[in-house]
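In the two complexes that follow, chain A is the common piece, with chain B as its partner first and chain C second.
Right, the complex of A and B next:
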């Protein structure tokens, strides 16, 4: 299925697109020379620590600050009312999500605290330690209020309202119907159903959220060093809520130690830091510690989904129905909102399969827990688990092998363009090719035979499959049409300097995934220079073209295309000058490996450094009026489709110890299709990292709350992240179906691993448990839950 | 995650440490490897008046064979236990337990004395002391005091150490011929505190296991000797009876990872597997 649609014209000696090249920033980071926000130290800098609500819901009474102010090193204390005078509140809604509502949220809670960990008071001190000493002696009076903890009862009439002015605890509800689901279900040979739970969890970044804000009163300029995925979005937001002209706000994003969607949102504590900087006209630093990260970073995936699937006698899916419920905490998170995840579940369920009778509803409710919002693979792992869980049930009900059932139901590779039951439009996917490649890679039949053999010896292994679709390269249909100032377009400026080296300035950002590397590859190939001659600069709103940053797997597909087009444009500009210097036709020349060459023969004519010398220092020798623009900027936005969907399929092979409930991950496979692959190793590692995060959700990670809304897993001992010792070997394969929307043809790859892994593991565990007629559908699949499913011990609700 | 202000002093020898402690008062804490204490201080879960750092007292980092006793100094690192030939030969349970403790970086700093004095009920080494009939050696101003392990662990994070008494060593009877030791634990991830763990020792005789020691960890407020199960096995009763006896021996509580019912169940699974390890009849699946 690998069809080379565009790139033959680029396939020349110094071709980098499609090749694994070393990451230019790796030696610097490995040697500890990275510059993260915490490494930035400015004169007169002060530190902030926050007093956070110990109550899930409470009215805030008197705040006694004298003891804190008496602590050596403490400089100033800000309450919610103090900050409210500097920073306006926000309401996170989007116009295209009809009915979505939320309450105004302040940087520091003013009247009520609504979750454990909500920032209430900020203590500013000479050091972080002194600030924490100040926090320790603050006296804040609270009047505890009734807590809404259980999303299942959030809408009950006798449940207290978190924001009485909203009238209820309902944030958003959407019902999507297509075809005739009731009639199709009624006519189905078999209908299977199940209730799935995905555990509330969070993205645990190696570098916690960090911000250093500095305000210069004479210039009325706010400069913010920020560990973020979206510098320009944050520029807009700081300007709006701190009442500054947008042009007077500069956001600088240096090295970022992981983000996973956690760092693409507006956090009240970070807004408070910027407000304090404005009030004090001093650099103010805040680096979240691990405890407050667990209570204040966004959580995600707190869903309960009831699902049904109808199949005909031939094993064809005829209808699917889902009812999704999700609790998002006390506020919709600004500015992307907390309704997107549920909306994605509706959009993505059933995505790989060819059926048209579909009913899906999502209900998004408030609770007194940490706010949830977009985290890597937003909604995908939920939708995939529900769909693939039902698919395995349906296969079993109709007596088909799970692989064969998928063969019969996945959308055919020649069916595109295709519109799904959820009305998602697919330009070109490769479910069939991907599935066959996966089954070959894993030697599916041999694995099944081994499973049968071992079962006789009391060893219980299971094989799980999961097809998935992945939403990447979003257009303004994701946020822009809803009124959010979040750019779907991105830009790149490419410049040649006198020595023939190239600088690329891009609006997308690098968080550790290798964006800088692929941009350098694309620019090097576009201009025609060795990759060592390219420097990539990202993450500075005053320097780079305006762009959206990095989220929803848009860096390669959108940022990469802008970089390619800018590189090609610079090459054309170079050739205009070269043609004049060499008295040749521009069309007869080319740039290859840093030299002007004859296009036909490849004969070197002139190094770029010579061209640079003439343009920059002896421009007098060039014809008057000759364009000598050794800078080019191009922007790119997707237009034909709202999103570039990708696809893939994963498989998991596990062994369940039925005496202990322990799951051992034996091996994992993934075949995915992200279109044009720019750097195979980076894509493979993205997929592997994503799988590991998916494994986290499937087996380990869980933000557990007590009934009164206390977070019980707020440290690395109680919140289990997946670790190396338990990870299986992961075999990654690819099918390439480039998008025709761009010359580069790249789609995103960042969500694929996370999207499919939990479903594959769930199906593998349930396959292993089949002889016991036991089944688990609530993530994470802990030993305790597996033993309870086996009937060994009583079930416990956590 | 910064500790509250506290005072700090580094001791050059045991006498100096005791003197510094007297000076600082009973609420000062001894800092050995710091792998639990410092995390607690940074989280502000614990506040102390001062720290007396004994980590540089080289004379406490020793492993010696003294007659029929293996004497291990309090500052012996977990990593030392992993690598010591003497430990492997004379107290194989310790060599098996050490790699189960947290992660390599923690094992490089964490000390046996620190672990025993901290007395975390889910820790491996206190249970090893029970199973191996170890003696804890404490030194106060009045000299050394020897405390049997079964009298040492008195509750959750509670020990028989008196104020101003420093744990300086443990003494473990060497493994006698015909005796075997085995350790297993069930932890969600490698390096986590176990949901349940078992250290066992027994004479392996043609008639079966005798003089059995079963010390559980992670299933109570302190490491637990399963006396009823031990008696059943010593009497040559079937394993199923020993399993049933565990219901009397153990009284676990719910925690985040496992309910009490699950811990009771896992204790029985561990018993079966560890007994198989001891008799060598079956190398059970890795727990």
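Right, the complex of A and C next:
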């Protein structure tokens, strides 16, 4: 018995795969019955507040704790040296990123503080309020040191070194060359170039980072309730740095109030909390407040990219060249490192286009700012903005409509497998089908005509297109080969209980995207039960199979396939028992909607609850030696390709008020291809949410620093995020090119929206500004920057 | 002015229809009073300075920010949180619409968002999409991109108008 997931099978009416079903956990959340870490209260629980460095770079002097200890409710104070005795430092490098270096980082700063917001002292108290009272009266002496704020001068000989032992402020550099970019550029009919900036921004999860760690001395057991995307990774890390056997660490991850990559990293303050729990042998809670979130959550996308593109007289791209510079703060972030983003820019630039002459360099440098690391769509929005910005410039230079230019240059749908200029291997993408679908959905020609009509009335609208590729379903080539204990494999255990209900335990995690739902759909499909009979459990390292968690759009593609295979295996196990009970051949039976049926006729033979009753309570009536394993576990890992790339294309329609510089978002379209769609509504909403997150980076979000490294946008009043009133309605369409690496055929969808939106917005704004010969390439595209581009006000460096 | 300020204040109020008497620290915010003292964890603290809207809840018929309201101010007040609004069935249709339209992902903004949406529908039976967007523009949602929320509220408004017409 096999389920064949080719299209004919999927088209059958009762399949759960490809069907919108409501999320089983949503009714709980709309009643406020979610259980986030801060909702968990344990006996003897204490709270931590951190004293954070007010300096971007300073030597730490005397720490006077007496006043803090005198505050009612304060129990204990831990300095960096105290914590260093319990928690070992880490160095975030990966062996496959050659030359990547970083300095040892402690949970609490020991000798020096290296960014504003770095945790320096921890105050433990009976309540969070008392802990904050204690922090307020701590006296910490600092000797300010020279600050490295500007990434452009970070490598200059007269710039001070952040970590003198490293020899310089260079973290990582990679140069990739393919073909003959110089010759191709020299022979090009036109060469266009531009400098792009993607403003440093951050994730702003509505639920701040949260951790509640508890240590049981008699069992030598650390139990951590953690708002995280990767519980098993954290289990490994807590064990390693707190010197505990890995098996004695349990990470429990309940409801997570948004993550987007922010909650997949090791944070020094969270390590300090676990260390304090070990030291005090009692539950210790820390929930970041919003101000410390801005200064201590990872930032991302602080890049300056110089780009060039050469085209021939027919408008074919012949070469591309990029020079990327990024500042990552004072430490590479553990354990994924802060070199991945720049590396991704090199890997992804030019991705949708058919050309082979490419030179790309990324230079990753240190600065005294909040550390940066992987954030939703790592590197993609940068690479897509650079590529699509150059594509529009090239189209203009050669006199082609942007849509037509893309038609001529995107990799053809019949060209796969295809290896890009960056040596990325694509199994199967659909740029052509996606672009044509998008142009039809938006009625491109009519929109262009409307644009012309309105221009005559002094209304300046712009249309921006952006094709993109998205890296999903990563194999060990992402982290494992570099030595990081981050699982690329994932597993699922599926169990049938006596009443015929099914429990699925999975190593991937749920942070709102609907992982639990698609797992339930896939398991229901695999076993043959109604989805209401499936209960999914994720986020507990002591319970679920070891796995990587949810990041890099791997939940459906990796976790989903493991769940499908486990479900199918359980179905086979069920049928072995059913065949014995019904004196039939297992191959002549099937499980459909929770019943054993005759495979040929569909005739019901026995409900699963009856089979469960016999197996669990009257096993004596079954033949001796009959396998009666109503549990099955399967794991999945991708092996044919390092990554399952997806693709898509977005379009933005905007109106720019050339008097005020304000941009109004009129409408947004996206066609994406995530392979097999398991739940259309969930995919659409992932794309919509992702688009708006991309719009945030394009128009509003910016972590601004003063020259001495003070974060000037450290609250939600100063740091703008997308709110409902300014956001457009979004039309989402799909092309489905399933991956052949798995039976399920699903690739990822979580980052497509964010990958393409900033580029589409940028191109739309510049299209609107075209009559004024003005253009913007530095995100966020604030009214100030647009007015400066228009020459209305002077330019100011921000 | 002489005498010392009292660090604690005694309040008697109704929370979700139930009488509550408590002695609270003068600095205790409503959101902390609900979450820490009463165990009503459905309201969430997102920014603690009134910008994100996660702690939006109903006090004396109006929505307020739980992080900008002191518990000490609420003697004699009537407070409704997501728990009470759920138990009473007052926003059942809105909650069902959120689930059906997947107008929530991580769920952290959802209780506050529902309070804001419920208030709009109480005052405007036929809000335009722009009205809805404007009304919830003080409630931050990082997950959804807002469109599904707008759809859900519009659907509930239309359904309620249909019911009202049928009743006439």
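By our rule, the second predicted complex is superposed on the first by the 785 of 798 C-alpha atoms of A that agree within 3 Å, B and C clash if a C-alpha of one lies under 4 Å from a C-alpha of the other, contacts with A are read in each partner's own complex, and residues count from 1 in each chain.
Rule of thumb we're sticking to: a residue touches a chain if its C-beta (ideal position, glycine included) is under 8 Å from a C-beta of that chain, and two chains touch if they have at least 3 such contacts.
Remember, predicted model here, so these are calculated numbers, not experimental data.
A.B. asks: Compare chain B and chain C by how many residues of chain A each one touches, and report the one with more.
C.D. replies: C
A.B. asks: Kindly classify A:210 by the partners it touches after superposition: chain B alone (first), chain C alone (second), both, or neither?
C.D. replies: Neither: A:210 stays clear of chain B and chain C.
A.B. asks: Have a look at where A:29 lands relative to chain B and chain C in the superposition and call it first, second, both or neither.
C.D. replies: After superposition on chain A, A:29 lies in contact with chain C alone.
A.B. asks: In the superposed arrangement, which partner chain does A:717 touch: chain B (first), chain C (second), both, or neither?
C.D. replies: both
A.B. asks: Looking at A:343 after the superposition, I want to know if it touches chain B, chain C, both of them or none. Which is it: first, second, both, neither?
C.D. replies: neither
A.B. asks: Using the touch definition from the top, say if A:725 reaches chain B (first), chain C (second), both or neither.
C.D. replies: A:725 sits against chain B and chain C alike.
A.B. asks: Go through the superposed model and pick first if A:754 touches only chain B, second if only chain C, both, or neither.
C.D. replies: Touch partners of A:754: none, neither chain B nor chain C.
A.B. asks: Looking at A:766, would you say it contacts chain B, chain C, both, or neither? Reply first, second, both or neither.
C.D. replies: neither
A.B. asks: A:432 in the overlay: touching chain B, chain C, both, or neither? Say first, second, both or neither.
C.D. replies: After superposing on A, A:432 lies clear of both chain B and chain C.
A.B. asks: Of the partners chain B and chain C, which touch A:662 in the superposed model: first, second, both, neither?
C.D. replies: After superposition on chain A, A:662 lies in contact with chain B alone.
A.B. asks: Same chain A residues contacting chain B and chain C, which ones?
C.D. replies: Chain A residues touching both partners: 129, 289-290, 715, 717, 722-723, 725-726.
A.B. asks: Would you tell me which residues of chain A are touching chain C in their complex?
C.D. replies: My answer: residues 22-23, 25-36, 38-39, 127, 129, 203-208, 255-260, 289-290, 511-514, 681-682, 685, 688-693, 715-717, 721-727, 729-730, 753.
A.B. asks: Mind pulling up the chain B residues that touch chain A in the complex?
C.D. replies: Touch residues, chain B against chain A: 1-5, 43-44, 186, 188-193, 195, 254, 256-259, 261-262, 265-266, 269, 285, 287.
A.B. asks: Along chain C, where are the residues that touch chain A in the complex?
C.D. replies: These residues of chain C touch chain A: 25, 27, 32, 35-36, 40-49, 51-52, 54, 81-83, 86, 95, 98-100, 102, 104-111, 114, 129-130, 132-134, 136-150.
A.B. asks: Per the contact definition, I'd like the list of chain A residues that touch chain B in the complex.
C.D. replies: By the definition above, chain A touches chain B via 128-129, 132-133, 136, 289-291, 657, 659-660, 662, 700, 704, 712-713, 715, 717-718, 720, 722-723, 725-726, 782-784, 787, 792-794, 796, 798.
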